[in-house]
Amino acid sequence: MAKEFRQKIRQKNTDNSGFGDNASGRFINKNGLPNVNRKGVNVFNRFSWYHTMLELSTFNFLSYLVIAYILVNLFFALIYYLIGVEHLTGIDKSDPVSEFIDVFFFSSQTFTTVGYGRIAPVGFMASLVATFEAFLGLLTFAIATGLFYGRFSRPRAYLKFSDIALIAPFKNKTALMFRLAPYKNNSLTDADVIVSAAIEVIENSVPKSNFYTLKTQLSKINTLALNWTIVHQIDEDSPFFGFSDEDFKNTHIEIIVHVRAFDEVFSNTVVQRTSYVSDEIIYGAKFIPMYYPDKDNQSTVLNLDKMNHYQQADLPIFQEENE
Amino acid sequence: MAKEFRQKIRQKNTDNSGFGDNASGRFINKNGLPNVNRKGVNVFNRFSWYHTMLELSTFNFLSYLVIAYILVNLFFALIYYLIGVEHLTGIDKSDPVSEFIDVFFFSSQTFTTVGYGRIAPVGFMASLVATFEAFLGLLTFAIATGLFYGRFSRPRAYLKFSDIALIAPFKNKTALMFRLAPYKNNSLTDADVIVSAAIEVIENSVPKSNFYTLKTQLSKINTLALNWTIVHQIDEDSPFFGFSDEDFKNTHIEIIVHVRAFDEVFSNTVVQRTSYVSDEIIYGAKFIPMYYPDKDNQSTVLNLDKMNHYQQADLPIFQEENE
Amino acid sequence: MAKEFRQKIRQKNTDNSGFGDNASGRFINKNGLPNVNRKGVNVFNRFSWYHTMLELSTFNFLSYLVIAYILVNLFFALIYYLIGVEHLTGIDKSDPVSEFIDVFFFSSQTFTTVGYGRIAPVGFMASLVATFEAFLGLLTFAIATGLFYGRFSRPRAYLKFSDIALIAPFKNKTALMFRLAPYKNNSLTDADVIVSAAIEVIENSVPKSNFYTLKTQLSKINTLALNWTIVHQIDEDSPFFGFSDEDFKNTHIEIIVHVRAFDEVFSNTVVQRTSYVSDEIIYGAKFIPMYYPDKDNQSTVLNLDKMNHYQQADLPIFQEENE
Amino acid sequence: MAKEFRQKIRQKNTDNSGFGDNASGRFINKNGLPNVNRKGVNVFNRFSWYHTMLELSTFNFLSYLVIAYILVNLFFALIYYLIGVEHLTGIDKSDPVSEFIDVFFFSSQTFTTVGYGRIAPVGFMASLVATFEAFLGLLTFAIATGLFYGRFSRPRAYLKFSDIALIAPFKNKTALMFRLAPYKNNSLTDADVIVSAAIEVIENSVPKSNFYTLKTQLSKINTLALNWTIVHQIDEDSPFFGFSDEDFKNTHIEIIVHVRAFDEVFSNTVVQRTSYVSDEIIYGAKFIPMYYPDKDNQSTVLNLDKMNHYQQADLPIFQEENE
């Protein structure tokens, strides 16, 4: 069965995907990141802390900052406490707890350079530590500044992809379709898309993945303001030529999508990727339009909630032309 | 009439504009942004606050900063007031109002980390809130720093377009012309332009827009220092071939312009767009030169106020060559 | 004479220089900026203050910062003084001068948020102004931070061009040569060069400039680490074909050079331009090599001081081939 | 011998390497930087301090900051001391040493703008210097902020190259192979590679380097997530065609590798280079795969420690086809 199936695929596979025959599982995750685990090298060298910080959710990022802030102050509070509260003016010496509380707040007032002065260092050691802590505080906020800027100035495409791809009727033939649209107030131009497919075939009873580049009707547009429906016509040149509903269901298929555009605010190229696997492909359906003229006909409305709206559609009966 | 009108347009339309038949109204606004309203998704996800902050006018941006500053201080002042002024030293306790005024200023002195210390926290709660406020203050200014940098380091083309496009005589034929020039002390090189046209036609009594790419005489220049007049010759290959003054007036036409250049200071590609609709197209006119040699002939003067200066000009009588 | 001179130039001129016939004087200054003065628009809109700040010399930039700092403090000092020194604690009230000096320093301690507190605001007005000044101070330093970063992160090519171009012997013919080299510890790759020439010709007794693209022997190199000698062979396709020493001297010629490369530290394309006019072109000379093997033959030495070293060289006698 | 050796190399050399015949030693160091020493120009103009700061190790960078901080404070402490401690309040005047210690800490409290106020300036001179120091402090931290951001936002490829290149069997022929892989959590796409070779030949008894571009099987891939093995087949078009083990050992050979990719987090092109010289090329060996399916077959594992794992492999006996 694998053999005849192989015959179905006429296009020769051209592997410039960067994934070898031996890779397994989904190649590109839904979020666009490659599905690869790295081993070896030690863990510290395996992560770019800057990439990590940029990819944290805002909530986590802020939480880490607050936690770090508390820990640093506890640490310095301890040091001041060990040096001795007598080296700090204005400490409430009623009991050890109030003492520690006061040195903790002195630490925070130093780290943030607010320095009220109600509590101030007098001895050499306390002053020295405070000198260093204030310096550290400023460097920390210098780094925080960089991270904040890095986070929100990071160019992103802000594209929404349809969750599903369709096998839809198209010009008396069938076509693989999915769509995408920008969902934020960014302005994208010069968009292009590269679509490739990974299809698992059985060769002498070992599964291996072949990669194919999928031709699309329109691979470049000037303005990406409305939704963009990517259409790959399933003709003789398509690896899916002659695929039945079952073929799509029973084969390990992955459609890898790579969109590139120019963001006019960042003045930078932005990239977003996603992929569709077999059970995200719906056979015999077509998308319902998601944009329409404004009531006053003076502008166009794009309804992003309709991204995944589709309806059943009959496909033309497939005819092997060599019959 | 629509039919024969269709015949006038010989060039087949190639839609890679990114706007479908069904879009309506002006496609690209004068300022270059697409004329599209987004619906669906919740409003928070529909805006990139960073894009928004970058596009605010300087005045609005600063106003928001000041307002935020006042609100934050009122908020913290309230908290300190509720905690109780007895937890702050040096407060003027003559009456509630002076008390609130003093806690307000204490808050501001904490938020900005100026911390004179005339007013300083003593109790646990007050100190804790102050600790947090100072931290918040620094993060806020870290973000402000990033926003300021993001705002003024944002690459922009600083191009001025002529408000109007002309149908002018050109080499015994006619041509669509408009011009642009850089108006600031930025230095642009490797400039190119893409011009396309949207023309509304009536097909079986429903209006639809066709898109055409307009050939220009010179679509790339090395140095964009003087004005650049974009010339689209109206010959057999032009969708406007044979258009009369009336045709230009009575048809929904939109000329979409997309200019790209390399800014040597930003070392980045900058992009600017605009569009011209029917009533911004003047039939039978030509531009008056806007640059001339300096009096001493040692340099060239570009007079930006002449951007829109034009004079009437007779057009060659149009001859169908198949006559 | 102009006529026969015209005949000498066989290559048809292709003007994508961005400079029209009517431009005058040198087009590109030695420093690479276009030699154009802008008029019209009001002066504020004609300058990008950010571009201006980035192009200031470090010394001027710092001077402006210091001056601004002093002026701001004088301004606020005046306000505090008018509000009345009784609204500030710890002021030396011995005489008006000492009063003003103290409010001046109070202002600076507020603007920088150092806030010793020896002098501190007590009244409402003074506190209010101080609140605003501290806020302004932080915003100012936020902007300064952005400017500093913008200044030193601005991608630059750091290329040195030879001050002169040579007409040198080359493969039994002659060639126009000039050279360039990176002079800093930046690492440039994928360098390319575009060379064009502006030649003034007299057409019906009015001078006009024609523009020509000059072919070069090697317009792209992988690594720009040593000096790069750009060679334009003067053959039948060159506008300078058959030019004599006099022709070069007596004609308004400008060679416009545009170099682009990729800087690996900035990870950005960097661009540098320059130009050579008639009296910077030396006829009958060749460059002396400026790099040589290190004494131990383990690396290569590039001597930047030799950039302009050349020696006389006889040129092959020019033969019109149609003789 | 040199002569017949020359004959071996059939491909004509095309030098766009940027290195001339006369360069010597390794051209590109293992770390990818060109092996060139610059002379001339004065040393200050020969270094971009920003490039230098960005290339410092984190440890050195922080050390320099700390040292600078201490020196600045010592410097200002000295000034305050010379002005006289009587111009500062709250100084411990027990002895000169404690005095100096106190002015030192006052300086640091001013430079960091922590300004407790326990020590505060009273006289004109002391206040003036403090005013300037606080200003300097803020500018310094503005610069530090920029440097931190510049350092960690600097786009880098984070690629690991195999330490060695192999001459391996490939499709009944032999091929030069080496491999690379990303080792951090960055996401690279659109990767391409340029491979060139420098081969030293003896021409009339002077050694000179010829440069060749090496064709590779696959010079572009979409996703660089797994390891990428670069394969240069040694066929008639290869300069290494017919090279024996001895030829590789006894000839000065350098393989120069230039990899470019697009980093989705930086949204920027990143570049990394390396080179292989004769004794880093192993004859008759092949790489052992370094990635394999995860145990659950749901993803792929890349083991970076296997980067340099290879095994002996017999090469097909070389046949001059003209036999």
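By written order: A, B, C and D. Residues from 1 in each chain.
What we mean here is this: a residue touches a chain if its C-beta (ideal position, glycine included) is under 8 Å from a C-beta of that chain, and two chains touch if they have at least 3 such contacts.
If you want to know which protein each chain is, UniProt gives these names: A, B, C, D = Inward rectifier potassium channel Irk.
A quick note: this is a predicted structure, and the numbers were derived from the prediction, not measured.
Superposing subunit C on subunit D by their CA atoms means rotating through 90 degrees, a value rounded to the nearest 5.
Because subunit B and subunit C carry the same sequence, their contact can be compared by residue number, and under half of the numbers here are used by both.
Between subunit B and subunit C, the centres computed from C-alpha atoms are 27 Å apart. Subunit B and subunit D, compared by their mean Cα positions, are separated by 39 Å.
Contact with two or more other chains is made by residues 113-117, 145, 149, 268 of subunit A. Listing the residues of subunit A that touch subunit D in their complex gives 15-20, 22-28, 32-41, 45-48, 50-52, 54-55, 89, 110, 113-117, 120-122, 124, 127-128, 130-131, 134-135, 137-139, 142-143, 145-146, 149-150, 154-156, 194, 196, 256, 258, 266, 268-271, 273.
Put simply, subunit C touches subunit D in their complex at residues 65-66, 69, 73, 92, 101-102, 105, 108-109, 112-118, 141, 144-145, 148-149, 152-153, 158, 160, 183-187, 189, 191, 218, 220-226, 228, 262, 264-265, 267-268, 289, 291-294, 297-307. Of all residues in subunit D, those touching subunit B in their complex are 113, 115-117, 145.
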